[in-house]
Amino acid sequence: MSDNQFYESLPEVEPGHTFLDSKELVLNMGPQHPSTHGVLRVILKLDGEKVNGLECVIGYLHRGIEKIAESRTWAGFAPFVDRLDYTAAVSNNLGYCMAVEKLVGIEVPKRAQYLRVILTELCRLSSHQIWLGTHVLDIGAVTPLFYAFRDREEILNVFEKYCGARLTTHSFRIGGCRWDVYPAFIKDVLRICDDLLPKIDEYKDLITGNRIWMQRTKNVGCISADDCLAYAITGPVLRGSGVNWDVRKAKPYSSYEDFEFDIPLGVAGDTFDRYLVRIEEMRQSIRIIRQAVAGLPEGPIIARVPKVLKPPAGEVYMSVEAPKGELGYFLVSDGTAQPYRVRVRPPSFINLQALAKMAKGGLVADVVAIIGTLDIVLGEVDR
Amino acid sequence: MKFIEGLKKIFLIDLFKGLFVTFRHQDPNDLVTEQYPLERPEISDRYRGQPRLVKDENGKMLCTACGACALACPDKLIKVGSMRDPETKKKVLTEFDYDMGRCMFCGLCEEACNTGSLKLSRDYEIALYSRDGLELDRKQLEDGTSRKVYDK
Amino acid sequence: MEQLKSAYGSGIRDAATYAEQNYLVVDRSICHEVLLSLYDSGFHSLTDLTAVHYPKDELPFEIVWILFSMPTNERVRVKARFADGEDVPTLTDRWVGADWLEREVYDMFGVRFAGHPDLRRILLPDEWVGFPLRKDYGLKQQDTVWVQKNLGIESGQ
Amino acid sequence: MINNFLGYLHSNVTPGEAGSLIWVTIYVLLVFAGISVGVIFMNWFERKVMAHMQVRLGPMRVGPHGLLQPVADALKLIIKEDLTPANADKIVFWFAPVCVVMTAFCTFIVVPFGRTHAITDMNIGVVFMLGVSSLGVLGVIMAGWASNSHYPLMGSLRSGAQMVSYEIAMSMAVVSAVMMTSMATGTGTLSMIGVVQAQMQQHTWFVFSFFPVGLIALAVFVIAMVAETNRAPFDLPEAESELVAGFMTEYSGFRWSLFFLAEYTSMMAVSSMAVTLWLGGWLRPFPNLLGGRNWDLAFSLVPGLAFLALAALCLFTYTKMPRLKSMRSAALGLGAFASVLGVVGIVMLLPGVRDRVQDIFWFALKVGFFMYLYVWARTTFPRYRFDQLMKIGWKVLLPISIGLVVLTALIGVRQELFALVWR
C-alpha cells in the first residue's frame, strides 16, 4: 500500500461533520527520526495527542542476508551474522556456530564453552547499556547515555584485545573459539565486573527513583502475559509481563547449566517493569561472568573440524537467548559445502509486531517510550 | 513507612538525589574524552586493520601463491596471479591484488594462510578521499600505504 | 506425538526426531487441523514460520511451522509441502504473531496465505516484481524497472 | 560635555528618573550589550558545564578550552542561509522571532542591578515585568502557525498552553513576595528597587522571612520559571524525541539564532526577577549582620579578587597546555585572555570603581547561580509528558501558590489577629 493509497483510505469527512470535529492527523515518524533506533517508519494516526492507529513500515535496511547465505560456505557466512543485531554481534555468532555444530554433531571442548559464555554475557551487558542509554535519552534525560557508554567502552576494549574488532567481532568459529585468552583477560573481565556493580546502583538514584521517570514509564505500553504468548514475544519484554521463560534455563546450551543465576520477572508488564528486568539482568550477567571466570577449565579451545565443512543432509533449529529475545537459526543442508537455506528467527522483528497493540490509546510521547522499551534493532528486523 | 514516603515526595528528595549524582561526576579525573590527534588510542595487537604481506627477516617473500586466502574470503576480494618457475618447478607470486573497498576485515584470509604471510596489521587510519585508492596491489601490500596523519 | 499419529494415520507422512528435535511431516490437506490440535494440546506460541524452496520437486514449497509449548517446555516442527501458487491456510486467527511472519514468507517466496487480514509485502517495496528467496532468483538480480523508476539509477551493480 | 557626563556618574538616581535622554539611551545600550555578552557567555557556560557533568570535555577545539566557540556559533548562524518554507505566512513568519526577542529584552528595563544601575525605576516594575514576559507566548504561537507544517503547529500549541498555565502560578508567588514588602513600613511597593530596599530595611532576604513561606514561594517560582522558558524537565515543545524541534523546526540561520537569543535572555530576565524578589537584588550577603566599615571594605574587594583568581586560573591552564606548533595560537589567545581578566581585576580594586561595581557583581553572581541551576536540571531530569506537565501546572503549583498568598497575608497581620482574639 503506497503512500497515496494509504492517504485515500482515510475516512472522508461525512456531511454531518462540523469543522470542529478533529479529522485524524496522520503523522509520519519517518525513517530518519531521532528516536526510532534505526530506519523504522511509523505512520501514526493521531486524534490531537492520542494515538488512534499505528502502522510500522520496515524494510529500509533489508540486505537479504538469507539469500547471501545460500552462496557462501558454512564458515564464510559467520561474519555476516554479526551484522544482524549489530549491538550484540557475539550472541548472533554464538547462535549460528552452535546451530552448525548441532547439524554436524561436533562436541565443543569445555574451555571453549566457558569462554563463549563469558563473551556472550559481556556482549549482553554492552547491548543492555546501549538500550539503557538510548531509552533514557528518548524520555529526556541526557546524561545516563554518557555514563552507560563510558562503562561500555571497557567491554569493547576487552573485545578488541581478545578478537581484534570492537563491534563486528566474528569471535567464534564452528567447533569452538578462534583465539585463546590473552594474558590480562581474566584481570580485565573481573575489573569490569567490580566497576559495573556500583555504577548500576548509581542508575537507581539517577533514574529509577526519579518521579518524572516513574510517571513517564509506569503503566505505559502494558502487555499481558497471554498477549505475549500470542505474539510469540520473547526476551526481557516477555519476562517483564511475568512469564518465567529464558532459553538459557529452559533449553540450556554451551554449559549454562553449570552456572546458577536467577531470572528477573516483572509484574505489570509495563515499561517500568521491563526497565527493572533489564537492569536486574545486567546484575545476573555479572554473576554468571564471575562464576564462568572462576571455573574456566584448561584444555583445547577448538574441536577438530575439517577444512571444507560438508554437513550431512538434514535440518536443525537452534535458538539462543540473545539480549533482545530468543534468536533462532533454522539451517537446512543438502550435503554440499554451502547451506541450502538459513532462516534467522529475529526476536526484534517479532517483538515489534506488538508495538501497534501497546501504543494504541497512548500519547505520541508514549510511542517513543514503547519503541525504546521494546529494544529493537533494525538490522535484525529487516535482515 | 508510608509517612516517610510522603515526606520524601513533598521535599523532592528523589530529585535532589539525581542532582547530586550528576554533580558528583564533575571532578576532572572522571572525564574520559580522548582528544584524537593528540592522544592516540592504544591498539591491541590482535587488531584487524589494513592487510599486509609480511616478509621474513632477510626480506624473502613468505607467500607461496597457493590461493588459499582467495578461496577463504567470503566476498572473493583477493586475486592471486602466479607463474611456474621453470627450474624450481614451484609457483612464484607475480601479482596479488586485494580490493579493500569491499573488505569487512573478518580475518578469514589471515586464518587460511598457512605460511602466515598475509596479516591484518594494526593500521587503522585507512580513510581516503576517493574509492580507487582502496584496490591495493602487491607493492602497496608489502611496504604498506603511508596515509597523511593530521596533528590538529 | 503418538496420539497425533493415531488420530491422523494416513495424513502424517513421517514423525521422527533428527538431532533430538522431533518434527512432523504432514499432508497439506490436514495440516491446519494438526496445527489446531497441537494448539489445543498446549503449543500456544508460534516460535517461527518459514518456507524452503525445492524447485525440482512437484510440490516445491515446504512451509515450516515451529511451535513451542510453555507448560511442557517442548518444541515441535511441523512441515507441509505445497504446490506453486496454492493457498496456505493462515494461522492469524489462533496465533496473532503469525501476521508479519506470513507476510514475510509471501514477500520472499510468493506463497499466498488464505484468510490473512492484509497480505502485502513487508520488507521489499510494494511494487517490487519477483520473489528473492526462490532458488531461481539470481543473487545479483534486481527489479531494474523499480530501481530506475524510484532511484533513477541504471541498476544496483 | 564631560562634566555632565561625570555628573551622571555621581548621580544617585536611576537614569530614567533623572530624565536626561542621552544618558538613558547610553544606559539602555549598555544594559542590552551586557545582556548579549551574558548570552554569549551562557552559551559557552552551558555547553561546558553540561559536558563536565556528562564525563566529557565539551568544546575544546575552537580557541583555548572552547572559549571562541560562541563566536564561531554566532558567525555560523549569521552566514547560514535563512529559509522561508514554501507557502508560509511571510509577514507572520518574519515577525515571530522579532516579537519573542523584543519581549525578552523589554523585561530588562526595570531590572535593578544596583541602586542607581537600572534603566528606570517604574513604580509598577513587578507588574510590568510579568505583563511583558507573558507576551512571549504570542511570538511562539505565531512561529508555529506561520511555519505551515505539522510538527511546528503541535509544538507551538503545546508551548503556548504550557506558558499560559504556569504564568498564573508564577504571578501568585510574586504576589506573596510583594506582600512581604509591606511588613515593616506598612505600605507595600511594586517597584523593583523598592522591593530590594524593603529587604534592606527588614534585615532579611524574603527567602528567609516567615521561614517556610518565603522558601516555598521561591521554590514555586523556580519551577514555574523553568516551565515558562520551556527548559529542563518541561522542555516539551522542542522535545526532539517526538516533535523534532517544536516551533523552531522551520527556522534556520539568523532567525533561529534570534529564538536562541530570546530563550537565554528570557531565562536571565526571569531569574533576575527571582533574585530581586527573594534574594535581595544587589545587596551583598549579610548586609546588616556583618555591618560596619571594615566588613563593607572586605566585601567590596571580593569582585576584584574574583577576577584576579580567574586570571590566575587561565595562566595555570596556559602553562599546562601542550607545547605544539598547532596549539601555539590557542595558548597565546589564552594568555591574552588571562591578562585582560587581570587588568579588569586590578581596575576593580580601585576605591572609586569598587563600590560602584560591587552591586552589579553580587547581582550577577546570584543570577549566575540560577543559570547553573538551569543547566544542572537540564542534564539530570527526564522530560514530563504533556498531560502530566499540565496536571502539575494546574493541580499542584496553582493551589500551593494561592495557599501561599493566604498564608503570607495571615502571618503578616498576626499581631492584629491576636489582639482581636485576646480582647
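Should a chain be cited, it is by its letter among A, B, C and D, assigned in written order, with residues numbered from 1 in that chain.
The working rule: a contact is a pair of C-beta atoms (placed from the backbone, for glycine too) under 8 Å apart; a residue touches a chain by one contact, two chains touch by 3 or more.
Here the structure is a predicted model, which is why all the values come from computation and not from measurement.
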Chains touching both chain B and chain C, listed by label: A
Chain located farthest away, centre of chain A as origin (C-alpha): D
Pair joined by the larger number of C-beta contacts - B-D, A-D: A-D
Chain nearest the overall Cα centroid: A
Centre-to-centre distance between chain D and chain C (centres being mean Cα positions), rounded to whole Å: 65
Centre-to-centre distance between chain D and chain B (centres being mean Cα positions), rounded to whole Å: 50
Mean-CA-position distance for chain D and chain A (Å): 46
CA centroid of chain A to CA centroid of chain C, Å: 24
Of all residues in chain A, the ones touching two or more other chains: 143, 147, 150, 206-207, 210, 212
For chain B, residues contacting two or more additional chains: 15, 18, 21-22, 25, 32
Every chain pair in contact, whichever chains are involved: A-B, A-C, A-D, B-D
Complex contacts: residues of chain B adjacent to chain D: 15, 18-19, 21-23, 25-26, 30-33, 35, 38, 151-152
Chain A residues within the chain D interface of the complex: 25, 27, 33-35, 49, 136-143, 145-147, 150, 206-207, 210, 212-213, 215-216, 363-368
List of chain B residues in touch with chain A within their complex: 9, 14-15, 17-18, 20-22, 25, 32, 43-44, 46-48, 72-74, 104-108, 111, 120
Chain C residues touching chain A - in the complex, by the definition given at the top: 18-19, 21, 44-48, 50, 52-53, 64, 66, 68, 70, 73, 75, 77, 95-97, 99-101, 104, 108, 118, 120-127, 132-133, 135, 137, 139
Contact set on chain D toward chain A in their complex: 50, 53-56, 150, 233, 235-236, 239-244, 378-388
